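The data blocks that follow each hold one structure.
Next, two complexes with subunit A in common: one pairs it with subunit B, the other with subunit C.
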Partner chain A sequence: MSQDRSRDMSQGRTNVPVGGSQAPATQTISGSKGLEFAEPLIFEMSENGRTGVDLPDVSVGDERLGGMRRKDAVGLPGLSEPQVVRHYTRLSQKNYGIDSGFYPLGSCTMKHNPRVNEKAARMKGLGDLHPMQPVSSVQGALELIDTLAHWIKTLCGMPAVAMSPAAGAHGELCGMMAIKAAIEDRGEADTRTRVLVPESAHGTNPATAAACGFSVDSIPGDDRGRVDLEAFKAKLGDDVAGIMLTNPNTCGLFENDVIDIADAIHEAGGYFYCDGANFNAIVGRVRPGDLGIDCMHLNLHKTFSTPHGGGGPGAGPVVLSEALAPFAPVPYVVHDTNGYRLVEHQADSDAKPFGRLKGYHGQMGVFIRSLTFMLSHGADGLLQASTDAVLNANYLRAQLQDVMSVSFGGMCMHEVLFDDHFLKDTGVTTLDFAKAMIDEGFHPMTMYFPLVVHGALLMEPTESESKQTLDLYIQTLRGLNDRAQAGDADFFKEAPRLTPRRRLDETAAARKPVLRWTEPVEQAEAAE
Partner chain B sequence: MSVKYTEDHEWISVDGDIATVGITGFALEQLGDLVFVEVPEPGRAVNKGDEAAVVESVKAASEVYTPVSGEVTDGNGAIADDPATVTGDPGGSGWFFKVKMSDAGELDELMDEGAYKAFVDGLD
Partner chain C sequence: MRYLPHTENDRRAMLAAIDAERVEDMYCDVPKAALLSQPVDLPGHAGEMEVEQTIAAMAAKNLSPSSAPCFLGAGAYRHHVPASVDYLIQRGEFLTAYTPYQPEVSQGTLQYLYEFQTQVALMTGMEVANASMYDGATATAEAVMMACRATRKNRAVLAGGIHPHYFDVTKTSAHSLNIELVHPDSDPTRPADPASVTDLIDEQTSCVVVQSPDMFGRIIDLAPIAEAAHAKGALLVAVTTEVVSLGLLEAPGNQGADIVAAEGQSLGNALSYGGPYVGLFATTQKLVRQMPGRVAGETQDVEGQRGWVLTLSTREQHIRREKATSNICTNSGLCALAFTIHASLLGEEGFTRLARLNHAKACQLADKLAAVAGVEVMNDSFFNEFTVKLSKPAHDVVEALAERGILGGVPITRMLPERSDLENFMLVAATETNTDADMDTLVSALKEVL
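And now, the complex of A and B:
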């Protein structure tokens, strides 16, 4: 790639062109870089006695408190109104999200959140709901939950769904508790104690199994980036409660032995838990129920678009097979000729619910947005979305594989995994490469995960991104790679250059975290 | 006193029936700076291959497995207090735990220095 072209691609951006010949001035007097503000803490801007509002003198004496009187200052920061407005506006500008730009964080499905979802969630009657309202006054809301449950069951080809889990890991817990309940019901609680988890699993999988009291037995991967089928079969036995498999897996690959895995685990008397975090790759194309899966959580906030990752809550409904459906937790919605109602207590259920996972009925705000996403897309639109997500990931793979090292050959699903082999002997690490991407205005991809490859770079573009965005991203990565291969390791070691804070000391931050602002001595003295 | 190695990048050094276990410089290089270390309590019975200690770096969390069975006689509190100690001297003062071995024969299955070096070279 020529330097001129790389300069073109930064038009209108606050970036240094890749390969640009003029080194930017990196230090400013204020610490801000252009309009990237170095915003202090609100306490650091405080001046004693300054206030944004005129409060009348308080005439209440101390008699009502029996002579008790505060001796020390409250410690609230003293700022004017415009200072406060500016402070929080600037902080909000530092919040990089999917609304700001490309967010290729693998394993996270950072897709656009359509504004029609927000419109629906704010509709009168939905926005003001309270979970303790009488059931007669929330018939529409219960119908919404029931309709969403219907869509989820239909897309998954499963007979039942537990709607209440609050997010992915909570859904895992729900699924594994259902498996545990089923095993207890069979009278095998004391003998079936081992859960098989592939080494490429999400870290929450083994944690969930352990939290449910199972021992975790790791299954190795093969050189195709998938579960080693023979190694898996060798681990089966009558002490195995189940397997927790992520499909597509965290290498962005479809586990194409999935049906053999399902048959084998069932034959051994165990259950098949599938981590559905990567459902965005297969919505409308594959029904988990057809793969022999017994339970799977869906990250509604990922696959069906709601703000997440610090931007909002999640929801992790769990679909269940015939074998596990009786053990689904309360509450759940039922309807008959008298309308909709909630089964709230184990004793009121005809089945054998293992209990309750959450106060109230689930994450209503996420339900509304997810159902809106489904209904506004339709079945054909959902299939188109998952197809485009896979196409976009494969476009990245195809456009980068000649210069970056793809970990596993062949087509990928919704995300593409590279390792750091292409950086070998350049002196540049995955971390350095990611920091240089920040200067280019891109949120880095997922780094160092999954652990099954060295120096992982995991990218998930989702269906949201246009070809223009992907092309700019590809051009940027290729340009950065040119720079790394040319031996300019210092350029990477010094990145990021264009942020108010440069390379942070992550080790010190982890070893000695400073979690609370404490008043410097001078400031405290001045306040006295 | 010879040092042996595992495929999980632990080293083990034996003095009588007491084995001292740590992680190799290669392991440390892969993990990056350690930010948290947990070592086992003395008295804990362990089987070869059990998770005996935990390390967390800025990149990842991993387990340290015991290469031999026996009873833990000591955990290195100094590295739990200051994980940076391991970075300075992984093969010496950065040791993790000591085990009173119940079966010295288990050592025979481990790699010597030459074999471990060849193993690491083969990982690239």
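And now, the complex of A and C:
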């Protein structure tokens, strides 16, 4: 009854405060709050016999089913089209996207996703092509892949590119498998088993090296946020297969010893894998091929603007040096006097492909979007974009460094790293600070990565953001910092307050995982 | 430049704010020798219309399956995707979101992943599923690696009827980890024989990988293979390249599968010349902590409201680094969303009807082709795809059909080039998109060509 009374009291008033001016709006009868809808699971909206697709009800015999006809129902819920459209529209409204606001997630390059890219990917004659069409019927598709490969090779200053990897980590796998194949080709597979990985590396790097059967040896950083050159050199030996170095690195800094590192690893008989996640800082200004690398993946979904889609799909083409090019996986496109053709099998190759990484020929839909982006920007626009990305990160650094603790001094590249020193003795953690940003309408930066500084806050603004957006962001962060320094830790601990859900219990989720919907017991019994 | 908000005034003001005179000052840490002194040799920027024209010119050089009768399958199937699917996945809040690391502002992504996981589990008859892999081939490779981890054995038996790309991807991964693969040939002129794989299982075998329908379209009874595998302490990995088949055929989970790896492209996703697609990965509750990839789980927020988060992340590379169950990070989120919306629209009734319709279309096509001189249908059983033996090499037939504007089938030797004994064999698929007129066009063309 007391609940009902509180509802009565709220009638005709907006946002009746409950327990303080920042408290959430009162509960509603429906559970929805204005434009924020309470939305059940599709399984909870189901009625048997309802469908959102009209298909003929044909019956088929058992003769050609090998005795394997399904006996039970699948259990999929029944919904009509308007219900489905509304359901997923409402779910979308619970998400933050680049279209919604500033998304400074470090190392993720959340830049604008142009819609002409989407249009191009859906064109008749591209989006509807079947991967096993005769090659004679897909000459335009192979031309597109070859054109994108040309742009990638030119921007990277590298002689070859393997196009098929499906994402950044898949590209890492491609690069490290090429290195492994080259080492096997030299007859050193049994001895060169160690891969050097800086401690600031993304987790995919050591995971990839392990997936290729290498052991991982961590290289310490120096106090400038770079690889400790002497420590690195001390680890070299004839058991080293290579180094996996991110450049610009995950601290947002250019590894200024990169050429020395390349020379040293080559002298030791190893190869140089460069993680190209941060290529957006240097496109059109520095060619990785001029740094002495042997292979590097590009995240087309970062640098070349294809949508992240809530976690993929991506594409991770890998550029390769002369030394590694012969080992590129199948399939690949060849252009000769008879047009374009596909080399789909190791036996058809005149090189030494190490194998195959995925079904068919690569992430064509992502290729189309990336090429569309490259053609739109052109060489001049790509250079301006990378320059603006670096300018934006340095602007954040310059405008925040007096109140927040920049981890390493000097100019940064396209992202800037802060640590949690500025929050010392405030009782506010990096996580709390990030959650308070959500209430201010900003997506948080990358938190607690890289691992080389305490409580990392890694911000990557990209070239897509205007000065006005950056200024509001700066003003907001400065204001939040004032609040933290003023001792209002509870404000941060309770954030976010204005989101569809408040802080979620991740520990409980992991301890007793509930990974799918199941029919509630009482309902299941009632149905029987 | 339409994508860049800064004016020259903005840039000047910002350079001043960072104490730089010129943009080059920001690149002071780059070795001088590595800085380009002139622009890269590529064309300059272009307007949206010009870019569209350039891409459209390439598209025009291809034979579009939207205008050509298309009977291609081999792991990628042309289905009708309802218009609302493509509309919904292009909502910016889905399209332009990152992996849901901040659950409070990612409940949309997390809830649809949870719905996706449930749908995949239901279709495959398994207890749990992950939030997607790159495609069916990489899902299969991950399944083999997971089986090796779970059983601490290093040998896998892959049935001859596995899609050759799936086998090649698995072989490539297995090589790096010294996993021994056993892979017998398969003979499409005879019904699949479970003994061809069960005889190869020994005490060192981590898993048996069987695809059904297999690459020749034959439907395989997994139960006896599961029994033989389990008797030797091995797992059964069931593979499906056509997820629509699960609307008519027994779910692998009901036949003893421990892991299911499948391609989900058929629901919601464009053919797109082979990618991006969506790998489905399902397993048992017992093995869940060995599972690769992202997974969404249910929990509560501080107010006790139900919500979802990414969970079991202690398996993953960002926590475990070199000890992770997989190096996968970005997967196929948006393709999983397309799958989920299409499956939600279909529901039980639509999904099972779609499956029956596909089988009916394939039966109709098989009957029509069997009546053509020079065509022999090899399959006793099939779902929506089967193998025919032609009186001429399949490669030549396929080219001759393409010249007539027909995408007639996939030569088996395109996938298995070493099997010259199968030179005259072709894989043919039919789906709900194939009309009677399409089939008659194919039949008359084959009569001319053969």
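One rule holds for everything that comes next: the second predicted complex is superposed on the first by the 432 of 528 C-alpha atoms of A that agree within 3 Å, B and C clash if a C-alpha of one lies under 4 Å from a C-alpha of the other, contacts with A are read in each partner's own complex, and residues count from 1 in each chain.
Criterion: a contact is a pair of C-beta atoms (placed from the backbone, for glycine too) under 8 Å apart; a residue touches a chain by one contact, two chains touch by 3 or more.
Nothing here was measured: the structure is a model prediction, and the numbers come from that model.
In the superposition on chain A, A:404 contacts neither subunit B nor subunit C. Of the two partner chains placed by the overlay, only subunit C lies in contact with A:49; subunit B stays clear of it. Touch criterion not met for A:300: it reaches neither subunit B nor subunit C. Between subunit B and subunit C, it is C that contacts the larger number of residues in subunit A. Shared-chain residue A:506: touches subunit B and subunit C both.
With both structures placed on the common chain, the touch criterion links A:74 to subunit C but leaves subunit B unconnected.
In the superposition on the C-alpha atoms of chain A, the part of subunit A touched by subunit B in one complex and by subunit C in the other spans residues 203, 449, 506, 510.
Contact residues on subunit B toward subunit A in their complex (touch as defined above): 30, 32-33, 35-36, 56, 58-61, 83-84, 124.
Contact residues on subunit A toward subunit B in their complex (touch as defined above): 203, 424, 447-449, 451, 454, 506-507, 510-511.
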